[in-house]
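What follows is a group of structures, each given as structure tokens.
Two complexes follow with chain A in common, the first pairing it with chain B and the second with chain C.
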Partner chain A sequence: MAWTKKVMRVNLTEGTISEEPLNMEWANQYLGQRGLATRYLVEEIDPKCDPLGPENKMIMTTGPLTGTMASTGGRYSVVTKGPLTGAIACSNSGGFMGNEIKNAGWDMIIFEGKSPKPVYLYVENEKAELLPADDLWGKSVWEADEMIHKKHQDPLIRIAVVGRAAETGCLYAGIINDLHRAAGRSGVGTVMASKNLKAVAVRGTRGVGNIKDPAAFIKATNEGKKVLSENAVTGEGLPALGTQVLMNVINEVGAMPTRNMRDVQFEGSSRISGEAMKEPRPGDGRPNLTTNAACFGCTIACGRISTIDQGHFTVENKPEYWGASGGLEYEAAWALGSDCGVDDLDALTYANFLCNEDGYDPISFGSTLAAAMEMYEMGVITKEHTHGVDFSFGSAEALAKAAEWVSKGEGFGKDLALGSKRLCEKYGHPELSMTVKGLEFPAYDPRGIQGMGLAYATSNRGACHLRGYTVASEILGIPEKTDPLVTEGKADLVKAFQDATAAVDSTGLCVFTTFAWTLEDISPQVDAACEGDWSVEKMLEVGERIWNMERDFNMAAGLTGKDDYLPKRLLKDAAKTGPATGKVNNLGEMLPRYYEVRGWTTDGVPTRETRERLGLNPDGIGV
Partner chain B sequence: MKLTVKLYATLSHYLPGDATEHAVTVDVEPDATPFSVIDRFKVPRESAHLVLVNGVYVAPSDRESPVLKEGDTLAVWPPVAGG
Partner chain C sequence: MLRSLQIEPEKCTGCLQCEMACSYQAEGVFNPAKSRIKIFTFHEEGRFVPYTCTQCSEAWCMHACPVEAIVINEATGAKEVRADVCVGCKVCTIACPFGTVNYDQDSKVVYKCDLCGGDPECAKACPTQAITYVDANHTGLDRMRAHAAKNLPGASASA
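Up next, the complex of A and B:
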């Protein structure tokens, strides 16, 4: 349904739950999900608050197309202040949770305060209650999910839950729904656990409603599905090979971050690629990939479901890991694989299973482990720290052990749970942390894809590919091919991607649709569903407004233009192989132009004129 | 001249059975072009969306030009994307 116009507010300190109308003036300005929830957060918290203190709030939010018949319309986001970065955090997940929240009649759920004891929220349409979770605390995501389903005797409940990693303070813990879909980045699960909130369990049966023009909506969504099915990427490539199809592409173009970003190509990439996942393995003659899978309403089905060889060292005598479960996406495969120098596909899959089982971000985990491996090879971290395990790059055993320790918050896993920035600072080598604003890099080396360097440096939640994916243009030719090795034109390109993505992230749709759709395809679907005018121009304006509001939140939290940086390694140490040989990222050539096209000062602050043009407070947030 | 040819994703099945890690070495005429090599593997030209020589993108307008040299690696994908 489009907006239900209902917000649930859960005060965990007091144990109270109340209902309030959605602020429709804001909905008209920020649409939903990422944009609208950020507007609420900006209004309700002090940007300088402790992310893990009771004064921070956490919002689970749907978009107006969540739960509708629009393809991929099952997304929800978690918006809060992030513990890794101290900046705005917004993490988006698929599966079936968003749809269920919407079908229960809610646009968003705002959690505030901190419960004195572990609890979980149970929602059945308009009925909502906080229930004791003492028995769930200390359990993994998978255990807690099963216990809640049994307790309510309802297999159709959808559950979002934090695991032991979040409970033990891992700063990059996510929230897992449907066992292996994740609001994975930025430590939103850590915030949830800090509130003693173990899970959110929802059953919604109210169905779809509030569509402005049902006939136009059916027409627009059907046309959108036709575009997705006829497009070679969304109709053929993604269902067949998933996001992992990128492993060989990015390695070939010399932008594969390898061994803590010391190198830009990984000799083992083909052995951990999407293609490799489909090939029979030597051990049991079966492929790693069992099947593909789709989230609610999705007509792409890029998800991977994998099975590990029962004879593999990671799962020998552990039948609990012999079944099929959430397999490797490209980002996980890169971080656990090439960034750690590990080319053992089943070992990567095992670590990925553990990330799902106990709820933490495989990107941040892999990148943090890679930094630890580099310090191990330098002799800074020794076997004294790693319980006797060889932590050299390439060690599948180290990967498996590290994941087991982080899952339970044990031993050296406590150090790895700090994230790369704090780990490297603790061991005296902050320069080895491959992070921006405290968030670990994803899978594209900006020496080989110049625009991504600017996208990372300016991303409001830290080094993230999902805030402005210029890889689409620079490497894949979507919508038009640009040269990845030049900086010219990239400031404008990054801004365009950032604004459009902010709008898409506020609809309830999946950003992967944009490999086939443009806003020309999305806007008619939103416009048919929602009150008001939702033209392409309006969507772009909303996207730009959201981007600047997030920026203003970060400014008020204490960040400045100096936080728009890249690690020195990427600015000083040239790529050694591939097409980018001899190149560093030339951020300095792009950043001034970016500030200019954004309408910001030379210090990176939105000007009064820009804020006024976008309907934001001319003085910024908290002023 | 000798080239390494790599066909990925849904183009993998155009490779001969002796391909290793999606790559084969072939002997081609000195004036071979990306498209003439792609034709040799019976890959439909319209499926050759991403064409790289030594990792560098070859624009469609250059795919019938003799841009290849001894020892080059030609890698080809259909339209792909991920994230």
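Up next, the complex of A and C:
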């Protein structure tokens, strides 16, 4: 139980909405959220379809623990085929949207086709309707959110929206809910806008029940909360400094990608760190950080709420940006900051506000801008392209302007909206794109953290830290410390992290809990809530099944083992400073062993035996 | 000794664990929409504020009720709604200056905080002690202590 066992299907082409029962056989094999929605997607779309065509589908999905008292149990995911990568895309968001969908009585919403005109979906418990969105189209996330609340005269509606970036075709647009929480990566917002779907607005008042064993569930979730509160990272570091607790740590170990990954340490890191966010500014004497904040049900509360100095050049005479809003997480601070060489904290915060206001991924945006800055320094991109703005590394003005252009899809912003891979190809320097499978890197340099190189190369949605966070082991010693500079044992480590994470992403819980929780903490919570057996072993099996199904989707979409690569820079150009000095990433030492422990061929294809063992189609997908 | 809910908004992170605990105790499901305590988010200010019934001594809701459906629980001081007596006229919802008694469309009677019979779930669920259940005669104790500490260099402001 814990599932509502109801799926809403929205056919945007026909303008029809129907209800169907959740496939419980699949729920038993894939649990929920990431896994279960991927199972639906695999069944329903041609993996070779155009990600931005009407034949692609987009699934908004909750997990069985979404909407319950389990700590962090408010997550939802968006699963679709991604426009940057042509691979499976799955993006996870917090805030208060997932729980609202669940409270309205739905496990997932499947969007198919394409609406002839802009529409938004309004859900009030059992009632759902597509309403015209002509007036919302062309509006930012923040404007649309306010307009929908006013229109329904209901401040309690939860809304997920795409902004102008998605509407104008930015390939890394996300879906923003609650003004500043995002299903941010891999372009799921671009897919939503391609369907002429502007927003999903939900009001749910039915409650989440159907807990298999309520007493055991309350006990298990209370024990879980105790572990989180007593852990140094989830109980102290994250609430105090947010994910930005990592900025100084990662810089010190020499794994801070800097200036389009030319360097592995950033001299300005202490000025854009979590600690810096708490220091009073010279301008107005107030700190950048206003408060920490929690997503639904979260007892960690790592969220950052920030305010920009009203006298800062980015917001002078722009009072609409003077209020508090979603501040810098580590990934955004890195991408907008270190990777572009910018150390102006309020400028990063401004760019981050714009990413939320118009819905695009600050990681991909920052990384793409970093590639543009490198080409500017080479003279490939000039002031003629950049409307006269100096695009040198370190330019806070360039960062602010670039964000303004991408927000509205204007001028050079159209080039930046292509993402790093296509931008670098357009300007004749594909080798400068720091991407895997077309998705931009996150904030851990794989020369200083070897296992992450393998995790990036093999991640099913492209370069991503959230698919197998071996940083936990290699840097933080969770669950046990491994040497970040060696490759030995990393293939097994990456597989273990990937499988466990796929399972966690299918529960409705937040992956940040795994700084403190292992599946030993999570499985009792799932098991008490859901019918069936949800032991650690079962969760790991489910995780491995999900991973292989995603892999098979990608194979069917036309990807091969050759797409498990890293950019040459990370394989050839050694780290120049820090503990990893002289090191490149030795992917070649890890990949064959990884294929072996995965039960894949030497070309990286799951074998018949592996598929059969996991209950997948032995011939793969679409065969 | 009577106890009161004490709310310290500056400690609240807006996680809604209290709303879930409240609704689960009262309704048997996790349903913030039916919670007797509500968290208000002031986005532009970056503040979260829990709000619920303060259990007035001379309770407007109780005096306004024409059928005496709102009664005092002498053990806890809570003003409790007798659902089997309430006729759903909603006069109490108009009388309450704070908006903390509300009508429920599903049950067709009003509902409000009853302090869970003296062991409020919201206070137990709050991960940051923004909601506590303290001696009703001394809800100002922590603030008094903090101010007292100001006159004593080096003293800790918290107990």
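By our rule, the second predicted complex is superposed on the first by the 622 of 623 C-alpha atoms of A that agree within 3 Å, B and C clash if a C-alpha of one lies under 4 Å from a C-alpha of the other, contacts with A are read in each partner's own complex, and residues count from 1 in each chain.
In this section, contacts are C-beta pairs under 8 Å (C-beta built on N, C-alpha and C of every residue); 3 or more make two chains touch, one makes a residue touch a chain.
Quick caveat, the model's predicted, so the values are computed rather than measured.
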{"item": "Which superposed partner A:232 touches (first chain B, second chain C, both, neither)", "value": "first"}
{"item": "Partner chain in contact with A:208 - chain B first, chain C second, else both or neither", "value": "second"}
{"item": "Which of chain B and chain C A:324 touches, first, second, both or neither", "value": "second"}
{"item": "Touched partner set for A:241, first chain B, second chain C, both or neither", "value": "first"}
{"item": "Partner chain(s) touched by A:31 [first = chain B, second = chain C, both, neither]", "value": "neither"}
{"item": "First, second, both or neither for A:549, with chain B first and chain C second", "value": "neither"}
{"item": "Intersection of the chain A residues that touch chain B with those that touch chain C", "value": "none"}
{"item": "Chain B - residues contacting chain A, complex", "value": "6, 8-10, 12, 21-22, 47, 49-50, 52, 54-57, 59, 75, 77-83"}
{"item": "In the complex with chain C, residue positions of chain A that touch it", "value": "67-69, 71, 96, 99, 103, 156, 179, 204-209, 225, 229, 239, 290-299, 301, 303, 305-307, 323-325"}
{"item": "Interface residues, chain C side, partner chain A - complex", "value": "13-17, 20-21, 23-24, 27-34, 43-48, 125, 127-128"}
{"item": "Chain B-facing residues of chain A, complex", "value": "231-233, 236-238, 240-246, 248-249, 252-254, 270-271, 274-275, 302, 329-331, 465-466, 469, 472, 475-478, 481, 483, 511-512, 515, 578-579"}
